[in-house]
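What follows is a pair of complexes built around chain A, which joins chain B in one and chain C in the other.
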Partner chain A sequence: MSIAITTQIICFSVLSLVILIGALGVVLLESIVYSAFLLGGVFMSVAGLYLLLNASFVAAAQVLVYVGAVNVLIIFAIMLVNKKEDLKPISDIKSRRIISTSICLTLLSLLIRVDLTNAWSLSNPQNSIGEESTIRIGEHLFSDYLLPFEVASVLLLMAMIGAIVLARRDVMSKDISTGLPVDQELIEKSSEPLLTNKN
Partner chain B sequence: MMSLEAIPIQAFLIVSSALFCIGIWGLLNSRNAVRVLMSIELMLNAVNINLMAFSSYVDNNLIQGQVFTIFVITVAAAEAAVGLAILLSLYRNRVTVDMESFNLLKW
Partner chain C sequence: MEYGLDLEYSFNEFLKGFGLSSEIAHIIWLPLPMLLVLVAAVVGVLVTVWLERKISAAAQQRIGPEYAGALGVLQPIADGLKLLVKEDIIPAKADGILFTAGPILVLVPVILSWLIVPFGQNLLISNVGIGIFLWIALSSIQPIGLLMSGYASNNKYSLLGGLRAAAQSISYEIPLALSVLAVVLMTNSLSTIDIVNQQSGAGILSWNIWRQPVGFIVFWICALAECERLPFDLPEAEEELVAGYQTEYAGMKFALFYLGSYINLILSALLVSILYLGGWGFPIPVEIIAKFLNLPINAPFIQVFTASIGIVMTVLKAYLLVFIAILLRWTTPRVRIDQLLDLGWKFLLPISLANLLITAGLKLAFPQFFGG
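Now for the complex of A and B:
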């Protein structure tokens, strides 16, 4: 892709601003639903950054997997567990906020210092394969990264089975603790939580 | 072919550093468990931006960073699925998503 330098810089600035402001919105906004949709915007902007880096395949994978799967999953989870609850106040919330913010700012300054002072050994841009990257990724996946590729497929299968087992509603005929018959309706009834601590 | 001198690599690295720190802040400070999972996704995306920048500026012939990014995306998808399933079963047992109430392993 050959875009003028000014266009690239403008695109980069806009995408970075969207990413940073969106990420701040994700962690700071009161409503979790707004956070989820802003997270989708952040994922789309990251895909735009990948396009600026000449990686169209990874950008497409980012849009498909993150926006299409992970974000939709998060929105479904919010829909399932979204209950208005007034949280218990924490006594030392101020000191916690101060400590965590100072840790994050220290880490940020450290990382930015490393980013700016280290001399990166950049390679010759004439060697760049540019738009051929999809072909090269395919070659990598089926030659020297074949074992990780196969392990990733096993990992996805395990994650799928594990998610089903964990999230499944138990359909046993009798309740284990009380011995009473369980109603087999699909809609979750509100029941007495078993493990709630008393304090 | 794109001339890579246009945007310095440091710009990408600073954006990913800031995104990573925002993710850590959200991870430490959120009380909603879903928001904790979102913060983890933000941190994984910061790492991905880093890998992509290095693969295109340092290793632009054998783009191994892009392959690593594909694997990270795969693992992130698996992590999100299992994490949200754990969250659902946790919600079924404790009827809350408040991180402060999940203190069974606290000593």
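Now for the complex of A and C:
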């Protein structure tokens, strides 16, 4: 066995272990902050797996999108609303757990089936594109995957408009959550600097 | 353009002369460039800290450090030693694990980004295909470390500083990436080597700064904001937040933040010089000098000359930018957080988007000037 293959095997086992333990930690840990940080670790290890597969562009995109954007936003949200309060016990927790377990098991069996039925081995491993993949991904995004690409951008646009509507309540006459009319004056005032009112 | 010294090849050949296999030679070679870059980064920080102290002193009509070595050049080493032997304090109510992991997460991505900084045709650790994109991806990890240390300190000022740092670095990453994208568009490649080679045609005239003036300014502003330098040092604004996310840190953990921010500053300056100021290129092309001296371009003298002038030029350009950054720090006031976010989202983002569009249009219209 050459040194390169040994290194690859060591890297692969370490990364897989980190992914498995990290993912379990995300689900099982009590503290939501730890879960969020562990999620970042899991995303990073997945990027490491992509690197092992010679897909460096996908790995960097994974780090940029999932760690740099998604995970940072999750942590941001947790820190802005991190209230220390005891949650109310849910009455029908047992049936809920049974439903969620069955859904997860169904998804797992689906994944296992895909794993077993798909032919994973490349017919010609020498043909792997490696560093060329950036160009190839771009070509695909602007030819045969154009529609999914554009639909994804529409989805993002919808999310953005929704966020703006939620954040700028002054454009609405009624509060979305309570249904009460919004006091426009208060919102206008709060955006002024505090010091100007002190005279 | 296949000239220049290939140190790795010669080193491996040298080891093979002792009867070692090429794999062993490769393994012996591997840590050397990493160590070299680590040393270069730390020495760069020491020089920058000394410059910062001296230039700030000059800006405020003081003398600055003068007793530690000639002109106080040993002052940064004294600073470092002081931090090294200081007691490592973890506050009683802080979260020990996250408190320790935070500074590490801030420093490691910055050092990893040095992977792609070229000092010459073959003088970089790894010419990875994704090049400059690797830096953008790695620099997006930093906010997690900042949020982590801000949260773990269990201190209101720290948490506010961490949140501000994350918000700032998310907002400024987008115009930064867009202005890099315009350069990549002209180069047809993400690799830093290709980006520099694309600018090496006619010396100073072919540098990207003439073709991307808007991109250059946007990139420089965003780089300063990413480094949390004044006028964008809101995360550690002393008058409001004590020291932001660094408030509870002492000793070596504080030193990690300190190192991280200065390494980041040097890295940003290096990347500005690579993307816009011709990287290792001399203002007069080496080919003309070789012709003037009547030497072939592959002559050993010319090769050594090219390599050394490359390193000198890269470092010189980077330190010129560091000098400007230090001058800016000691002469400009701090912006408010709403002004900061306004500048990022309402001014820099549209401008960099327009810059990208215009670059694409110019590339189609004048392919010989804007990379066909």
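Keep this in mind: the second predicted complex is superposed on the first by the 127 of 199 C-alpha atoms of A that agree within 3 Å, B and C clash if a C-alpha of one lies under 4 Å from a C-alpha of the other, contacts with A are read in each partner's own complex, and residues count from 1 in each chain.
Please note the rule applied: contacts are C-beta pairs under 8 Å (C-beta built on N, C-alpha and C of every residue); 3 or more make two chains touch, one makes a residue touch a chain.
Predicted model, so just to flag it, every value in this text is computed and none were measured.
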| item | value |
| --- | --- |
| First (chain B), second (chain C), both or neither touched by A:Val63 | second |
| Contacts of A:Ile3 with chain B and chain C, given as first, second, both or neither | both |
| Which superposed partner A:Asn54 touches (first chain B, second chain C, both, neither) | first |
| First (chain B), second (chain C), both or neither touched by A:Met79 | second |
| Touching partner for A:Asp92 - first (chain B), second (chain C), both, neither | neither |
| Partner touching more residues of chain A, whether chain B or chain C | B |
| Touching partner for A:Glu30 - first (chain B), second (chain C), both, neither | neither |
| Those residues of chain A which chain B touches in one complex and chain C touches in the other | 2-3, 57, 61, 69, 76, 80, 130 |
| In the complex, chain A residues that touch chain B | 1-3, 5, 8-9, 12, 16, 19-20, 23-24, 26-27, 32, 35-36, 39, 42-43, 46, 49-50, 52-55, 57-58, 61-62, 65-66, 69-70, 73-74, 76-78, 80-81, 83, 85, 87-88, 90, 96-97, 100-101, 103-105, 107-108, 111-112, 115-116, 120-123, 125-130, 133, 136-137, 140-141, 145, 148, 152, 155-156, 158-160, 162-164, 166-167, 169, 188, 190, 193-197 |
| Chain C contact footprint on chain A (complex, rising order) | 2-3, 33, 37, 40, 44, 56-57, 60-61, 63-64, 67-69, 71-72, 75-76, 79-80, 130-132, 134 |
| Of chain B, residues touching chain A in the complex | 1-7, 9-15, 17-26, 28-32, 34-35, 37-39, 41-42, 45, 48-49, 52-53, 55-64, 66-67, 69-71, 73-82, 84-89, 91-98, 100-101, 103-104 |
| Touching residues on chain C, where the partner in the complex is chain A | 23, 27, 98, 128-130, 133-134, 136-138, 140-141, 143-144, 147-148, 150-151, 159, 162-163, 166-167, 170, 173, 190 |
